[in-house]
Amino acid sequence: MAELKQLEVCLCGIPFKNPLILASGTCGYGLELRDYIDLNRVGGISVKGLSLQPCKGNPMPRIVETSAGLINAIGLENVGVNDFINNILPDLKKFDTVIIANFWGKSIEEYVEVARLLDASDIDMLEMNVSCPNIKEGGISFGTNLKQLENVTNSVKKIIKYKPLIVKLSPNVGNIATFAKAAENSGADCISAINTILAMSIDINTFKPRIANVTGGLSGPAIKPIAVRMVYEIYKSINIPIIGLGGIMNYMDVLEFFLVGSKVVQIGTANFINPDNALNIINDLKDYLNDKKIKNISELTGKIVV
Amino acid sequence: MAELKQLEVCLCGIPFKNPLILASGTCGYGLELRDYIDLNRVGGISVKGLSLQPCKGNPMPRIVETSAGLINAIGLENVGVNDFINNILPDLKKFDTVIIANFWGKSIEEYVEVARLLDASDIDMLEMNVSCPNIKEGGISFGTNLKQLENVTNSVKKIIKYKPLIVKLSPNVGNIATFAKAAENSGADCISAINTILAMSIDINTFKPRIANVTGGLSGPAIKPIAVRMVYEIYKSINIPIIGLGGIMNYMDVLEFFLVGSKVVQIGTANFINPDNALNIINDLKDYLNDKKIKNISELTGKIVV
Amino acid sequence: MAKSKIIYNKKINDNYFTMSISASSETLKAKPGNFIMLKTNKNNLVYDPLLRRSFAVSDIEEDNIVITYKVIGKGTLGLTYLRENDIIETSGLLGNYFNCSLNNKRIAIIAGGIGIAPFPLLVKRLTKKNNFIDLYYGGKSKNDIVLLDKFKEVDNIFITTEDGSKGKKGLITDYINREYEIAFVCGPNPMMMHSIYKLNETCEIEVSMEERMACGIGLCMGCIVNLREETMKNKKCCKDGPIFNGRKVVWQNLNN
Amino acid sequence: MAKSKIIYNKKINDNYFTMSISASSETLKAKPGNFIMLKTNKNNLVYDPLLRRSFAVSDIEEDNIVITYKVIGKGTLGLTYLRENDIIETSGLLGNYFNCSLNNKRIAIIAGGIGIAPFPLLVKRLTKKNNFIDLYYGGKSKNDIVLLDKFKEVDNIFITTEDGSKGKKGLITDYINREYEIAFVCGPNPMMMHSIYKLNETCEIEVSMEERMACGIGLCMGCIVNLREETMKNKKCCKDGPIFNGRKVVWQNLNN
């Protein structure tokens, strides 16, 4: 029992039994994993990004492996927010873990509407994915344009009554700290960083991109040093808590993200390689904290020595 | 002989016997390699970034390996442009390869002065590294600020009389194509991309950054998919030629960079792993072109099928 | 994910290998068409290759399952370095399986190259039930024709190679001109498409699809297959497949 | 870069291994202190680990050179998977070497942990020349004390471990209190610094430095060592070292 306490953290008023969240897009809607791991043991689950209407996603191929990385362009395929709330969430709520609803839209109105529905539902937190283009504004991405990010964050925050709002930042910007600051100023309760990095791979036999969508997002260990640097930059410039992610494969990676300022972390691509990874990391973190006689993992947040 | 022609390319009026350049910072001043490979066989050599005064570089540690990547913060250690021109260049000129002088400054005046000296020297091309901060302007980086990039490119271009100017772009920006376009409009004759991506790694035993400079630049196969995407974006928006680089390890990687629009490529981190890599790649490219009956490698530039 | 011991890892020829690994009693229940995923190296601190690789259960030998693999890239190259007694991580059984509760049927098995992999086990389950089985097996060259000793019990074997170095010269699909009640097909997408076109309309067709997979268990949505008549719902090759009704697959959507 | 055959790769204990690899006649000319770099896996299509790893030539046996290594991270873990007859890529000889043309000298060899690696070869070259040699050898625990059979010809061996599980309990530097004409030191930086402080002022000191290396041949400027009296010029550990005059090294600049 005492042991377990070492991993407890509180994020925006929500208690987590441990700071390991399964990242959006890498654990389906959670239920897909129930035959493989005990979902009650993970700190939280961020479900596949939800939109107002169901979305079929991109054509195939959608994934390709690179050196220590994975490019994906799933195209945000999802069942739609209503189907999720009505047909998936009730089963998901049976597990004792924090449910985070990752969501997106093609216009501010869509973001707002999805957020309103989720806020009224049984989920615990909202995570806004701003990596998609604003169709109404000619395709300018919400996540790589400061003004758009402020607008969408302000608008969503205004409509939400009950649940904390996490804004998940895109790494495809020059200075991610200014985007974090803008999100904070526009009402975000928490930042998660990073999403995938725009990337590309070419099939030298066919001369075609290896992803039908031409470009995709790079995740996995390859991007970890970039993600750690970005979390560090964000931590120095905002006061709201940070969920760090990008290439975490083991407990040592988790510690790196804590030291540069994460309060909680997410595990993405690592779930594909072995769905036990999250649970193994939780065990290893416990051992580490015991070994070092650290009372609570939060003591490590931001404790980099520079 | 006919075989050799397959790899000949012409860049800004300068003939290259093959499109493989050893990247700046990864081959010393070229001479360090002469005991290991036949320098006459590489297309070109971009020497370690030169500055007006000799520079001692950063404290140790300066390098650390990550998954399929290398972070470095050498700190642009170099002998200074005068020592290079007087004491190194004469020996380097004995080799039959294109000599590219990579250079940098801490102010526009420094850039201009170094460029002037190099333009009057025996080198073949200038490669301007814009990844350093402008000390005079309060440390705003030349490479991540459009205005600064335009100013420095314009100023340097004005002073150069004889040699083509390559501008080497920083990948730490939101939209690299706009930076390429700005460089082109300000007089750049050629673009090289990409330089290293800002990154960080923490020693979980000491809680200290693994690089004394705290952050460093990530290179190697980990960044290749990001570099390929950036070259692709640049190619679609400018008309001057592109030198592609970032994580090239083998001839297949070279082909990827050609297909998205490179006219020539550079090999960086791969030189550390095996100085023969560049020569092996040249051989493999020859075999590939013979096999596919491609007359000249330039035919592949930009031939991605989308 | 389980740790399994390698019983043997044998070279068949320069490109093809067969590997036997110890299996749990669950895994030994593998049905033909099921697949497993393997970590292709032993070093737990390195992440290249990153993802596990998928392989059909090719055969079952005592307490071990056998895979047959072709060296394609870094992952399968990594497998070739593994030796007897090495421990590797495996996951599975994964996916669905071929319909093998058949009696008194006229059956075609159509394999292209490494597409032969799942069929030794299938044939084991189908023979001795009064089934009539023709094996069609095509490859680029003679090295692509392997495992023939596993098909001694089938009624006829048709072999083609593109360069004519073994069997008839040409594409295997050119030789399909008998009528069958059911056909099992595994190989490159164009070859599977073409087989469907060549088979009689009354023949049921089960194809085993190879899509790139990140997770193998339905988490990533990277391995989508579209079926006709179910246009609004994507199928996952790893969970809903890899075996699909060949006539329903929307081949155009698989541009790889 | 050469391809070398592994003659043996033996476990000394849980953390220490010794590996013998075939060497060219050039490499067999290795002097004590020279090092080589090794690719730590066989798969040429994977890039993790990315860089080669550095190892001192520990001994020469017939036509083979021997390294002694400690498992630290992914690279050295990868080495442990290699077996007899495996082929790996090696580079070197690299770096400079210890002064071993000594006669009639009072010599101290001071090793911390895996810092023992270069000394078997050094001792081979120094004994039988009327030299008097004391070996000081410290480790964290008894497992860190290896290769003792290689030092049968030295005059005295002092051993310490931090936990007292072998030799005296404590730090090896606490036991240096005789006078020497020359000392050879290899181990962690703090231990090397402290040795210098403990040795008599007239004693020459050669230290073997371990800096992280990307290239090993002077290309990257990643492995800098600063020497006093040469403040404007950085030395490269790989090219100008790894052996330096210990009294000249600016230890403060090496914060790793």
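Order of writing sets the labels: A, B, C and D. Residues in every chain begin at 1.
Note that contacts are C-beta pairs under 8 Å (C-beta built on N, C-alpha and C of every residue); 3 or more make two chains touch, one makes a residue touch a chain.
Computed from a predicted structure; not experimentally measured.
**Student:** Based on the averaged CA atom positions, which chain is farthest from subunit B?
**Tutor:** Taking each chain's C-alpha mean as its centre, the farthest from subunit B is C.
**Student:** Centroid of subunit B to centroid of subunit C, CA atoms only: how many Å?
**Tutor:** Their C-alpha centroids are separated by 45 Å.
**Student:** What's the distance between the Cα centroids of subunit C and subunit D, rounded to whole Å?
**Tutor:** Subunit C and subunit D have C-alpha centres separated by 51 Å.
**Student:** Report the inter-centroid distance (CA atoms only) between subunit A and subunit B in whole Å.
**Tutor:** The mean C-alpha positions of subunit A and subunit B differ by 34 Å.
**Student:** Could you tell me which residues belong to subunit D and also touch two or more other chains?
**Tutor:** Counting only residues that touch two or more other chains, subunit D contributes 46-49.
**Student:** Could you tell me which residues belong to subunit A and also touch two or more other chains?
**Tutor:** 67-69, 208, 220-222
**Student:** Please categorise the chain-chain contact pattern as a line, ring, star, complete graph or other.
**Tutor:** Contact pattern: complete, every chain touching every other.
**Student:** Given the complex with subunit C, which residues does subunit B contribute to the contact?
**Tutor:** Residue positions touching the partner: 67-68, 221.
**Student:** Can you tell me which positions in subunit C touch subunit D when the two form their complex?
**Tutor:** Touching subunit D from subunit C are residues 41-49, 73-74, 77-78, 81, 83.
**Student:** Touching subunit A in the complex: which residues of subunit C?
**Tutor:** It comes out as residues 1, 39, 47-52, 89, 91, 211-215, 217-224, 232, 234, 253-256.
**Student:** Can you check the complex and tell me which residues of subunit B touch subunit A?
**Tutor:** It comes out as residues 66-69, 71, 144, 172-175, 197-202, 204, 206-209, 214-215, 218, 220-226, 228-229, 232, 247, 252, 255-256, 259-260, 303-306.
**Student:** Could you pull out which subunit A residues touch subunit C in their complex?
**Tutor:** 25-28, 32-33, 36, 48, 54, 56-57, 59-65, 67-70, 72, 74, 77, 208, 212, 220-222, 249, 269, 271-276
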